[in-house]
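What follows is a set of structures for review.
The following pair of complexes shares a single chain, subunit A, combined with subunit B in the former and subunit C in the latter.
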Partner chain A sequence: MNLRWKYLIKRTGQMLLTLWIIATILFFIFRLMPGNPLVAYIDPTFTEEQQEILMKQFGLDKSLWMQYIIYIKNLFQGELGQSFFFKDSVINVISKVLPNTIYLMLTALIIAYTAGIVGGIFLAWKRGEMIESVGIVFTLFTRAAPQFWVGMILLAIFSFQFDIFPSGGVSQAGTVYSSELDKLLSFQFYRHLFLPALTLSIYLLGLPLLLMRSNMLDVMDESYVEMAKIRGVSKIRVLVKYAARNAFLPVITAMAVGIGYAMGGNVVIETVFSWPGLGRLLVKAVSTSDYPLAQGAFILIAGVMVFMNFVADILYSLLDPRVNIDSKR
Partner chain B sequence: MSRKISVVLSIIMVFTFIVTLTNETGFGAESDRLVEVSLITRPKASSPDEFETITILAEEMRKVGIDAKVDVMPWEQMADVVWYDRESWDITGWQMTARPERLDPDEFTYNLFHSSTAETGYNFIGYINNEYDEVAEKQRVTVDKEERRKLIYKSQEIIAEDVAYIFSVNPMVNIVYNNQVFAESSIKEMAGLGIKNFWTYLYAEPISDQKDLVLNSNDTVQAVNPLYISGSVDSWITELVWDRLMRMGQDGLPKPWAAKSVDWIDKTTIRVVLRDDLRFHDGEKVTVEDVKFSFEVPKTGEAPMYKPFVDIIDVINIEDDQTLVFKLKKPWAAFETASLAKINIIPKHVWEPVIEDLKDKPENAESYQEEVPVGSGPFKFSNWKFSEEVVLSANEDYFQPPKVDKWIVRFVENMEATFGMIQNGEINFLATYLGDNQLLQQRVKEDEKLTMVSSIDLGFRFLAPNHRIRPFSDKAFRKAVAALNDRELIAALVWKGFAVPSDGVISPALEYWDNPNVNYPEAGLQNARKILEEAGYEWDEEGRLLYPDA
Partner chain C sequence: MLKVIKNILLQVYTFLKNDKFAMTGAIIYVFFFIIAVLAPYIAPYNPHEMIREGSNYMFNQPPDSNFILGTTNMGRDIFSQLIYGVRPVLMVGFSAAFFVMVVGTLVGLFSGYYGGKTDSILMRFTDVAFGIPFTPFVIVLVGFLGPSIWNIVMAMAILLWRDTARVIRSQVLTVRERSFVEAARVSGASDLRIMFVYIAPNILPLSFLYGSLAIGWAILTEAAVSFLGFGDPNVISWGYMLNDAYVSQALSRGAYYWFIPPGIFIMLAVMAGFYIGRGSEEILHPKLKEY
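Moving on, here comes the complex of A and B:
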């Protein structure tokens, strides 16, 4: 069998194993949390008979192991169960908010990676100058600043002080969109998207910027770049055509991993900006002991993370032939 | 000689060690008498007022020598312990929240303290008093209002005398609205619920270009379903979309609404005449058949949460096109509030096939979500953007149409942002604010377009002592702890003045039912010491409180 295929099968196996471990941990972690989910959903004034009916509905009348077996079986069939809180299937509930999370995530990633790559090239170009030091300190600051803090500062300035952008939601009160496309074509939507996307991109900016800068510095020491300089190629051309193109590759693979991280990062930002997405749903599910919904949301986030890691690995091996995919060689 | 000395010294050392050990770990007779109390509270982050009240009380208890320990646990764990392990705890912070059906005193009077609910129901403190049981039962079946008031007064006296709860405060409901959007006179205050109520939503009169009432909620909507009691924000919606035979008036007493009249023929028979100008939002007329169906569905088991409100009904007879007669199994004084003003009138033509279909399925009507919910109330369902907002539009054909065009609730979890939202006009009615009320008041004063209305809440905060085990099984001890829990101080310090001291389960907002003259222990350290002394409690040399010597 072709070596690349073997690698692909091995990585797929590892990915599935990781997902199974995550699913198992998620199952037990929620059930071992202090407190009884019944308290949240079953009014104590109900008769015992009524309480039993509800327990049956939630599947909580079965043993823990039986619940686990049913859960894994359903998971294989793509069935994430029924949300206790919303009394609807987890897939339905998640599908209502997932598009909003994707819009926010993709916008923020595009802004962060575009600005990061340009910024990285710029800082590498200004190597040793004052502006490089300032740029690095600023980047580290954006990376270290808590997202809720950045979000609140942006809200205070752009929303409450100058009233330029709305403070939350994806649309103005009472707006009705005829379709998802209608929403995406509306100016209001982008006004609402601006602040949360900016907050998330400030958080995401550090990785591509610093990665690009350090790759650029490595590449600029390479002999072919030196040769280009000796040949009298202009500095901009050396930077863009010779150095940046080669320094670009690790940033693209990092972006794949970044998608996974961006999904997780949305929890705080979605709450600060009342953005109706997966992160906010996750907070709600955990705070109301809605096991199936919390599990579903976590599995989705973990699944995206693991899958994007897998994509990054595969991309890397495909795009850069120098990457050794056979550990024995 | 030296061997003898070492033997003697060893004996002395062993003896000293045993004495020390017994004193430390409580093996001695005196240690058995030490009064130890564990106070349960939710964490400061989730319930700062409860946490601070408990911390202050624990400190006061230590001042009279009680070994008081504060146990902090999240709500789920706390509720699990308190509800399902009723012998295992001493005292816990607790609260009763305002709900429209609680405007009638029955639920608090009967469910919280009647011995029949002590094992698995709301009487989780295990309060048993036969005299009280009799009064609580009697008020339930006394349909004469004045007679019933006397019984409700009596029940409050017994609860205060027995110190069944250690009362703290009735908080204030603080709601802010934009006075440049709505006429001040059109904002209605309702007893125990503040200005966030049905009457405000119905009468709020826009005086600017903004014709919509936009309010916030920190919680999302679970379901818009007339047969499912879910979150509080869900109930704001159901009471506007679906009509009820009676509505709770601004004074907290039930008034005929979708019913033209409600007359008690005798203690178990009620004649209801339905208005003849009611229509469902799909254009169909509201009939007595629909009303009968609405009260019978919960009995089928398909809407278990509403079952307790209709269980009392024996039979409903239709007399003519507009008249129904409810026959009850036994008299129930709270029937108007807890049933006629609670059950949503649903269209039979929509729900009958749904209920039929659900009969053979494991799920019930609570899981059913209509695509466009159809009611006959003052607002029509318009749109629900999941996790973002619910929009209702004014029902212009209603016999008393709302003055606003739309009623919009926005789901905002970031409480710090909500005040900014009302300032910049994103919302015009701050219905939920969980932040610092003092700060809110100050910021409202600085912004002349905003008005804050503070009203006494129907709900109350208290400490629930476990009557099953000592020390709280002893009335004198409960009295002493009540004296240590300085309610004035809690209202001023913990609630920063946004609460009033409470001495009973009936809120002072319900003037008709609240007994202002109950005999509740006076606050003060000296008073607490005196009560304990008189009950035979003693103190050891270190000032630790000891149980009375058996």
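Moving on, here comes the complex of A and C:
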């Protein structure tokens, strides 16, 4: 069998194993929590009998081991249970907010990776000059600043002080979009999207920018770039045509990892901007002790992250034949 | 043993002396440490106190000579909160980093030294830890275990050791092959003795560096968790201050003096951790993956 296929199969197995372990850990975290998991659901006025019916309904009367088997079986079938708070299936609740998270994430990723690649080329071009140090220090600031704080400052300035952008949500108070398409075609939606997307892209900018810069510096030492310089090709042309093209691929691969980061970073940013997405849903589920919902949202976020790490690894081994996949652990 | 410690401290000192970035980070921490110790003398008020003048509570005072950074909407002195906030932040940062160092170093040592099955199993665990989204995990755990500063530290420690373990493991793989380890083995030293007496001193500087990177992440995460309202309600940290400002409409009132300073302090503390932890190097030359 081809070595690459072998690697793909092995890596797929690893991914499934990781997902299974995460799901198991999650099960025990939620089941072994102190207190009755239904405490948020059961009204004090409920009779013993009603409580028992509920326990049965959620399968909480069975042994822990049985509950675990049912849980894993349900996961395989994409069944995540009932939300206590919304009194609806977790799948329904999640699928209502998921598009918002995807719009926010994709917009931010596109902005961050475009700006990061261009910025990385620019910093490599200005190597050794004052502006390079300024750029690097600025990037370090964006990595050390809490995202929610950046969001708060943007809100205070652009929303409250100058009233250019709305302060939160996806639509103006009182209006509802009739469909996803209607939302995407509405100018209002993009006004609401702007600040959260900007905040998330500032958070994501560091990785592509610094990666692009260091790749550029590596590539610039390669002999074909040396050759082009010797042949008298202009500096800009060398940078863009010879170096950037080759420095660019690993950055695109890193985008897969970026999606994973964005999923985690979303939690805080969505809360600051009251953006009805998956991250805010998770926070809400945790603060209302809605554990089926918290569990569902967390599994989805973790699943995306594990899958994107997998994609990045595969892409990386495909794009860079120098990676010796055989010698990997 | 004393000699080993002295040796390590000397190494850390030379490292700091030769690295401008690391020195900056260390100075920032010394500065914060002094503030934390002298907090009662620096802060003009008790951070929890609702200040009154006569019978009037001093709600939402803008900065003036009495209140350097103004007061909160409950009449608490913002500057005093900022000063006292250093304490929980340093505590969270350093205790999380301590756990990260200990667990990461042990996992890396055993994994790298024994290799084979031990290595596979421990590294699979590390992979799993890498697959779990960090901030959501801490939120879920703290949200359900209850908001206390130790739950936050524990939740972070459960995951953050992953980077340290990987790096220490690869370092152990090279140190293991060195001749003095071979010599120890031939002379009949036990595995544990080789690991902790011969190999560990060589990797400890590296775990110190990764520990300080962890300080940065821990401070950032504590801030996020407190901001989301899952922080310890009895402890005023910078993240708590930002949460307080956010829910009390400080943004719409344009009370910049309330929410700008805590963010700057968080940023400084995080950067100091990155700087010391050779963050400058890690951050400036990111590699997609470590193989």
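The rule is short, and it goes like this: the second predicted complex is superposed on the first by the 325 of 329 C-alpha atoms of A that agree within 3 Å, B and C clash if a C-alpha of one lies under 4 Å from a C-alpha of the other, contacts with A are read in each partner's own complex, and residues count from 1 in each chain.
As a working rule, a residue touches a chain if its C-beta (ideal position, glycine included) is under 8 Å from a C-beta of that chain, and two chains touch if they have at least 3 such contacts.
None of these values were measured; they are calculated from a predicted model.
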When the two structures are laid over each other on chain A, which of subunit B and subunit C touches more residues of subunit A? C
For A:171, using the defined touch cut-off, is the partner it touches subunit B, subunit C, both, or neither? Pick first, second, both or neither. first
One more residue to check, A:281. First (subunit B), second (subunit C), both or neither? first
So in the superposed three-chain picture, is A:289 touching just subunit B, just subunit C, both, or none of them (first/second/both/neither)? both
Just checking: does A:85 make contact with subunit B only, subunit C only, both, or neither of them? Give me first, second, both or neither. first
Contacts of A:267 with subunit B and subunit C, given as first, second, both or neither: second
Check whether A:152 is in contact with subunit B, with subunit C, with both or with neither, and answer first, second, both or neither. both
Is A:160 in contact with subunit B, with subunit C, with both, or with neither (first, second, both, neither)? both
Determine, under the contact definition given at the top, whether A:18 touches first (subunit B), second (subunit C), both, or neither. second
Would you tell me the residues on subunit A in contact with subunit B in one complex that are also in contact with subunit C in the other? 33-34, 152, 155-156, 159-160, 167, 271-272, 283, 289
Residues of subunit C defined as touching subunit A within the complex: 119-120, 123-124, 127-128, 130-137, 139-141, 143-145, 216, 220, 223-224, 227-230, 239, 242, 245-246, 251-252, 254, 256, 259-260, 262-263, 266-268, 270-271, 274, 283-286, 288-289, 291
Using the touch definition from the top, list the residues of subunit B that touch subunit A in their complex. 73-80, 83-84, 111, 117, 120-122, 124, 212, 214, 220, 222-223, 228, 301, 304-305, 307-308, 362-364, 366-367, 369, 383, 385-389, 391, 406, 408, 410-414, 416-417, 420-421, 423-424, 426-427
In the complex of these two chains, what residues of subunit A are touching subunit B? 33-37, 39-40, 43-46, 48, 50, 53-54, 56-57, 85-88, 93, 96-97, 152, 155-156, 159-160, 163, 166-171, 173-174, 176, 271-274, 276-277, 280-281, 283-284, 289
Subunit A to subunit C touching residues, read off their complex: 14, 17-19, 21-22, 25, 29-30, 33-34, 136, 140-141, 143-149, 152-153, 155-156, 159-161, 167, 206-207, 210-211, 214, 250, 253-254, 257, 260, 263-265, 267-268, 271-272, 279, 282-283, 286-287, 289, 291, 294, 297-298, 301-302, 305-306, 309, 312-313, 316, 323, 328-329
